[in-house]
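Shared between the two complexes below is subunit A, which pairs with subunit B and subunit C, respectively.
== the complex of A and B ==
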């Protein structure tokens, strides 16, 4: 319980920030409240925003309000604002502010990554705020945040899970054909414990970190979609994203983990 | 119309006061001025006659017989989801999970209306029924259970449910599934599609798989059970897995999310399903438990949010969105309390106490809730999980150190005792809710 004086000091500070921004912003209180976003308290966000004030429209996070299983919370992030001709959304970064390591994942999108709409499953340690920050190729920034409550349902107690075999069973769902310029949905799944390095084993010893760090998708050898993954991505990483190849393409999917091992899956797509 | 209802309610109240004056008197002491002006202790309409609604109606009357309570439930007989898996396993007949409303009507003076509530006007405090009647309420209790998100799973709509039953509302659907199991030739595969969280009765799919495996072991020894799951973890997983191995060997196979267990398309006519990464499974009997949401009347009343479920205030289960409407049971977001009949029954008592107190000008008492989920893996093999819940910092939280899970390495006689406790639990909660036991 914070000291009452501290509470008062905090609320005065908020009030001042609100008033200050209101004077600057023609949109008034609501945009002031949004500009005072939680990303301002996140160090990593400062590096990404590089002094810019992110737009709070255009980027949307979808998460359940309440999740009964913090080990695999479904998350989708979508960008639907329009950018200047020739610009495209190039990066999306996800953060779990209440996790020991807030970074969840960073996605790098080429123009051939098509529709900027990505789904995955994440670990959330406790009830908290999840943040998404995006940058366009030319440096426009966007941010959004969403609160998630994590509870463990009384009927949902789990058994002992045996860790899955790392990098086993790479699975890809990719249509065989696409229309030029039309984004197609791609889904991938692979077995991996995504061991955080924070967990204790049966003997009380800390289990060493062991995660997939990078996932790459190339179209005819050119990177189209890459994901840097961190400990907050759930075991057996799942990704749903889009590709819009402009010509027939050999598509290579590659997962690399921090022990130097990797898995590959090859497919092809014909474009008409 | 409402005048007519009102008069009938009053005369029943007088009648009850006559026979129960001594016990009712202390409760009548604190009636609020507005209620006296109205000539009753308030009008409460309860929609839904399951574990939540029937309990709410009864406990409102127990708290204060002067409250006019109307229960709206289309069915004259209610079949419980708890123990419907035992019917599938051949351990019970359907009649043994059927309950009616005689006790509520005859002993507690609840007006029971067998009609469908079609709409709610929250501003006018009115409920419109399919039989043309309009009910006026001071407080409304919704215990609407679940509805299915038809077509959220491609190919699974109401017509498909006739071929590949969900049996996730007990009754005709359960009978249909049982009939299909009985008609199946030995050597076939029962495929169950299990949904992602949240859904009604978290351990239910796994108890059902156990009961079907039991039925096969008795009647169709070469048949298999395959569970295709949209989750990687499920309720009491370790206990179920150990029990399956102990009783059924490799008869039951479970494929989780990471093993490509999430079904994305159903072809009910051909009894075939397809998973997210393109694996096709053919079933001899197909049971699809589809994605769910709060029962439709909750949506009509404006109490659901964009998740399709109902956010409630923890202390009173009053809607966070609409005044004077309390919502209980599977329709609510009450996690960490699971969507179980036991929780609905507990929540109903909390709501009844809160409404009775508030209608007589007192504040609602501080609530707590308990839950036990028993599951049968075999006729003499039971497991359970229990929890106690309180409001902490405005949200429902499990009391630390309360409850727990059946031990992982218990001897057979402990499992047999838990199977007996499960029957005791069922009889007790049905007695408490409908006044009937088997």
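== the complex of A and C ==
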């Protein structure tokens, strides 16, 4: 059995080697260093990655560096790496690490969702890191993170506004025509308070959670784009995404909230 | 052109018109109050009153015709601080006296070669940003939170329970009648034309942000002429332009500066001016800082609340205006008059 002092010397040497490797890593082991991203500290992200090491190139988050209105921070997520023939990006998940509930939204894309580029508006209650994790149909994973600073709101004296009528007035902008294989931009907006369940009303009582949980877009009855929304999505959820239908399609947009109510909007698009 | 670019360009045009008109006509609330209280010459004050009336009637007409709804304006919050708004107005009014002009006036003077105004504007922008989102912001949030008051109504017509056209016509008519009652004012086209044009720019601003900026999915925030937050934003934009989107307020500020410069050159009125000494400079700096802090607390400056806020008939506007007038009185005639007060 080695002498205790020797053991200590050994472990110290191991430490030194470790430190040396760490110092090298930004140059020599960059992929390993990058894979060690903030998503590793997020349990939900671990479930999504299922042990894979996500690529850090290809997925990009766009958020203002500094935002003075944390109740509606514009967010865009874009994927522009190339995937193997026949594969497509199937899921994008967004997290706000500093929010009481980190999940922001999960998007599920079919091949007919075309270009993986999605915009929405989110709630960020403090300066924090926003994380996006994406997964392709065949299981390739991608991750990225962005720091956002939230300042005290510039227009603070907005009191407890009467929220909008839930699920009222769905608005959709969808071109009437598309060229086959060319993605078209779709923008949707619907009135909804997206009440978090964490806020107090004027009388001090906690306002119950009331949010849109799911937004679905179908092309001729087939799901093309779905979004699972959480409390961190801003009131009056706004979503910009893409569709690339291969043939003339009846497009149905449906919003479902957690009280069982839903709203629908139907449109059609002709493909040439 | 996207709707946000359209709004930014129209802000520039409105700013150019404001800058040129204010440079040529000497439009200034402080000068109006000062002349009226010290020499009895009320032409400048009547020009401001005329601008208030035109802004009010024009904006209320747009709302009545259903062209736009003023309900989204910042001046019409469901609750306001009973302390911050009048206190902010008073700080702004006193600061305006110290700095020898409000924020908008300082932009116009800078365009005419007055370098003192540059110092005022930097102090104003810095202190406004500090109060909005910086070191002083927690204090502001605490103050507003401790003194917040749910308003019985959002605007004057709501409070009185009458249709909006009634107080608009009565107040607008009274202001016009008072302005035109003076023979001196009627005989001074420079003043009444100035008041008329500047007043009309307020509804033009509502149109730019509320109609040109209308978009179902990404609406532009409803706004019109105001100068405190926009001066702070303009300083920030100068430093962070590559990562920031140009908004209405910042393009108005740029337009005012450019419009005043062009008009000063055309009128051969451009002259470099500096401080006479450190006391003078300190006074201007303090004035700029007070205007920045006060303008944020009061939700607007002499133009922002005096013309734009007034055009919505919002209740807090009346408290802010009373504060501005009280602060200006303290500095011009009251116990806080500084001995080396230089008249404009």
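Side notes on the structure shown:
The definition used in the following text is that the second predicted complex is superposed on the first by the 233 of 272 C-alpha atoms of A that agree within 3 Å, B and C clash if a C-alpha of one lies under 4 Å from a C-alpha of the other, contacts with A are read in each partner's own complex, and residues count from 1 in each chain.
We adopt the following convention: a contact is a pair of C-beta atoms (placed from the backbone, for glycine too) under 8 Å apart; a residue touches a chain by one contact, two chains touch by 3 or more.
This is a predicted model, so every value here is computed, not measured.
In the superposed model, A:171 makes contact with both subunit B and subunit C.
Looking at the shared chain after the overlay, A:189 reaches both subunit B and subunit C. In the superposition on chain A, A:149 makes contact with subunit B only, not with subunit C. Touch criterion not met for A:97: it reaches neither subunit B nor subunit C.
Once the two complexes are laid over each other on the shared chain, residue contacts for A:262 go to neither subunit B nor subunit C.
Residues common to the contacts of subunit A with subunit B and with subunit C across the two structures: 64-65, 68, 151-152, 154-161, 171, 173, 187, 189, 238.
If you check the complex, the residues on subunit C that touch subunit A are 74, 77-81, 132-134, 137-138, 140-141, 144, 148, 150, 216-218, 229, 243, 299.
Residue ranges of subunit B in contact with subunit A, taken from their complex: 196-198, 201-203, 231-242, 257-260, 276-278, 305, 307, 311, 333, 335-338, 340, 371, 373, 385-387, 389, 395, 397-398, 403, 405. Against subunit B, the residues of subunit A that register as touching in their complex are 64-69, 71-72, 74, 149, 151-161, 164, 169, 171-173, 187, 189, 191, 235-236, 238.
Of all the residues in subunit A, the ones that touch subunit C in their complex are 64-65, 68, 151-152, 154-161, 171, 173, 187, 189, 238, 240.
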